[in-house]
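To keep things simple, chains are lettered A, B, C, D, E and F as they appear, and every chain counts its residues starting from 1.
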């Protein structure tokens, strides 16, 4: 037991928590005013639903001892049964913090991941179905993949895939899941015909700031202790975000002559995503490169998505999915601290990373697609057309963003 | 001295601080636009006034050695005299943190409590009188009750009442004080006749997020150290908030077919309130129950208040008062960690808790009523009718929320 | 190595980070709606640009071993070369935290300083030129002054000037730099003829809250460890802010009969500024005095600036410059903890402080003036008149604050 | 048919509405405007010291009514409920309307008011 | 020249605009208003329980058009695209306009519409 | 009496106001509208790449004036101060007004302008 580690991870948990409200403002500001509360509602309800399910079953499936082939955990921790509040975690990473703390720190990861998936539901969700969807998704998609990567005996971990803070589990996963949902749910009414401008840029910037500070804790805290790995992870996180945000802004400037702040915010987000799996394994110069490179990658994927007919409205696929892929691969290229990679003479690590990417993306896409289509057929993932035109704030929540 | 404890409580202090601005946005968003700044002003001026008074006298009355019967502390710490910056606290809870840190951590509790009491003043306050009122209230109501529960020799503590993080001192107290003020000050002009809709739901959600993260520190930090009690308190806090927010939303959905976010936010707040006195004494399943049960309780009290003619405008009484009462009783039922309760064979604890509830509520209500009525007679707690109609933002602060 | 110190400074770094988005909202809310995003953009781009330059050169110039006369550091840490992620800082203050952590904590100081300088560019900036300007300014002004005060061998430090958390480096520096820029760039079109009212008071209050919580970490964290100096610095910070905010509000009330929240916010900011250099050296009663006194000082300087023709739009000079000057002198008067001052029989300290003030202000003003004028002649610091009239949000960023 | 365009103090909306309802007038629309007139402007407070806002928030009330004898009654009702006697109370303008159509029913003319 | 003042549901703006474009009408202005009429108000939800908002957000569309035969066509077009058949669809008022001036060119009269 | 409804660029408000003051016109009201006309729309930037906003923010200025010879002078003054020569400068419409009432004093007619 190390008290300082508890102190740090306690606070990091709180800071990762604030990412989800941050996302609510980030996403909400990007939508039309008439459905802004609805987007925030999806984020806030994710907090509530995921937390309760995590307590009952999610944590157990992800982190209790493996029940077969490294695919999923068992039921040992159902209802947190068997986790005493003063048990110290005797796990793979650390024995310095109570398992309870590890559990709640991990919970915050699960929450933000689930909230990101609100992207393809934007402005057209059947809110009741959304609650059911995320419940299934947590159990059938998130918990298994978390187990693969972080669980004791998880197959990706055993294979040697590197993922410091969740690039695979969180970002690639949620990116491809969002794409699957977008295909099932279909575009918003009037998509590409009516204007759908972002309604509140300051909210987007507020959200960016909250996500950013939370990410220090997300990546830094993944060291699970107050040590120099946490520090380097934090700095790498920051540097990649800065580089990516700046480069994105410059790309936009070259293209349209404007210093877009939505661009800077999106770029910073892409940088934060990309550096996540590498953050504790690399030196700052590599974080800088990761950040610089992720901007054109995600700018391209976002542009492609934009031109397509797929209304993956808030671009979780383009930013989290592809930022995550680049990050996973970059980890295989640049890892030097506590791990080996291409530049330390282990080019095979890149392939290991790619396997992780492909399997995660495929699993996430396919299973999410199935879940979505089943729910869509049974109760419908979408609101009615009239509700959509009136705006979900009034029709679904009985509220007006600014009256 | 334990450095990690200092690190944790230092940060918790900062996070509890942010609750008051959070409350400013939570409360402000619930009011009409024309008096939004005024509500925020009451919260911010509470920060300033309470801090200065705490330095001069408040802390001394609450925490310096008892001067008689466990009712109130003495004048030993007037102007923080006698507290050296490197004295370690040799108190009841811990000797690990400097007394200065304990003092400032406690200050943040006093601030948020005083800010909550802005509820019945909403949209109709005589701002100068409010400053006088809160000054008196801090000294005559908050400090004594804090002494009863937390002070060395405080009578409620001696009696064995359990209050981990301030359910009695903060929430029951402020709830009944708000009711008293509401009775003295009377309803807003046009109350129940004119529409008084919430003007900014995103602000309410922002406030909720800031309150929530602050509450991790409020309850977790009340362990006064980086240890497993802090961790369990934090998780319980979170789980109760999630459960209560979700249940409240569902109640609302059943009643009106809408997934109300004001409902979710209010429910989460009720959950946070209710779990406060129990947070470090219970296991997570009990937190879940506390959260689930508090939602219908406060939903009912809020509905009753709504139907009455009492314009306790932001429902501190319904949410903090009754959430706090349920929390106090629930502590007597469910405490298992470091305390005994009904479920560990000590049903008498429930009665001890109830005594604490009744005495606190009665003392708070009566003394607040007297303070309020005296000030009301002398200088008037209310703004003029014209100021009220124009809106206090312009008439009292010379400012417009969004011009 | 002390893990608790790492935990604390890690979190403080994150909290100081949030000050810059806080400033974005503080500043943004004070401007007209048509250029609000632009102000936020200057703050956010400061984060990106300063971070990357700090990595490459800024940190080295400020903190690598002196290369001559205590004026500037060398190139040893270019690209953070030579700083291993697990090197512990063997510096002047502490050997408890990794140098990497010290570097990133200091980075956050550099960022907020650079962001404050956006003040005189408000609503009329040529954004490209701003990026060039802040790059030069970081290297030619900030890094040298940081070296003087904090660098090993820095001449002001050697001379014995006291500056706990950066009153000289950050506030006096940025105040006089802003004045220089204001003189070069000239007033906004229509200044003093057209109304230029603050457009969003709640944003100003949100910004204040974020700055405030960040300042706990800014000053407290400057103790570089989880110890009682950090605690006393935090409390002093808070108390000075409260006192100054309250006094400012009262001054305004006496003058105009209104309880101005912009006044309270500005006063609190002035208090935070003034207490910065003294925070870890003084006892709370001195912080109270510093806060009480700074309010009339900055109220006066702000009023003088307001009456002048100089459009130093957001009053960095009046608040940061003069708040910083008073703070520096007050440190020479009141320091009692770990330092001597006038009240402990060392009146000479006041003169040392004044020397620091004058040299910093003069250097900052002159060098900034030269940088600004060179850039202004070469590419122009200002947007075109038409862009200014339309508003920079649309003309420069292609965005609308609230559409 | 006539259209009344009334510029009034925002805080007077509720009494005006009530008065009109009592006269049986239910159709109306409001919007936020800023106005200038004999009222001098209001004093607001900045970071230090006051400044004067020349454009004052007013409410614009638009009511299309039938062209019958009720006109004066309606105007008196608005005046009564909107008046404070201080500059800034606002004005009522009467504008001719040629026709009205109810979208829901395609009805035309006075019947659809 | 005539001015059409149309109070419509905000969510109907896009179809109306499209319809008018097809008729060759390009000049128009919109603003947010709140309205009252035969529509009962909408139910919103507070912290606990519903309340009714009497003022409903509408869009006011102002179009100045030439005084030629197109008037009916335009009105029909708006009706068609704005109608839901439920109370609250709104109304169209026709107001006489005496003259129009294009600021950019000083042009006067119908040609500048 | 006449009502001038002017749709102008928001950034031109101050010069127009100044011009009108010099002519002795003090009573006026403004509101925010979004407009559509010969101006093509402005380009804004999203997360990646531009998009075009068809509805452009304009200011609507409403001035009720006496029906005397000053009309042309006033219109010229507005044109002068609002013109940039580029599409989007806006238009002025002249609408008849039948009567005016000052709420504060019950005055009727031109005297209350």
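Descriptive notes on the structure:
Simple rule for what comes next: contacts are C-beta pairs under 8 Å (C-beta built on N, C-alpha and C of every residue); 3 or more make two chains touch, one makes a residue touch a chain.
In this text the structure is predicted, and so the values were computed from the model without any measurement.
Number of steps on the shortest path from chain A to chain E, with steps defined by chain touch: 1. Counting C-beta pairs in contact, the pair that comes out ahead of the other among C-F and C-D is C-D. Looking for a copy of the A-E interface in C-D, C-F or A-F, one arrives at C-F, which has over half of the same contact pairs by residue number. With centres defined as mean CA coordinates, chain D is found 43 Å away from chain B.
The centroid of the Cα atoms in chain B and the matching centroid in chain E are 49 Å apart. Averaging Cα coordinates per chain places chain A and chain B 34 Å apart.
Separating the centre of chain D from that of chain E, both taken as means of CA atoms, is a distance of 19 Å. Contacts with at least two other chains are made by residues 31, 43-45, 50, 55, 95-96 of chain D.
Taken residue by residue, chain B touches two or more other chains at 2-4, 7-8, 11, 15, 197-198, 206, 256, 258, 260, 262, 397-400, whereas all remaining positions touch fewer. Chains touching one another, given as pairs, are A-B, A-C, A-E, A-F, B-C, B-D, B-E, C-D, C-F, D-E, D-F, E-F. Chain contact summary for the complex, chain B toward chain E: residues 30, 195, 197-198, 252, 255-256, 258, 260, 262-263, 266, 299, 302-303, 306, 315. Those residues of chain C whose C-beta lies close enough to touch chain F in the complex are 34, 190, 193-194, 389-391, 394, 397-400, 403. Listed in rising order, the residues of chain F touching chain A in the complex are 43-51, 53-55.
Of all residues in chain F, those touching chain E in their complex are 2, 6-8, 31-38, 55, 58, 60, 75, 78-79, 82-96.
Contacts from chain F toward chain D in the complex involve residues 1, 3, 17, 26-31, 62, 64, 95-104, 106, 112.
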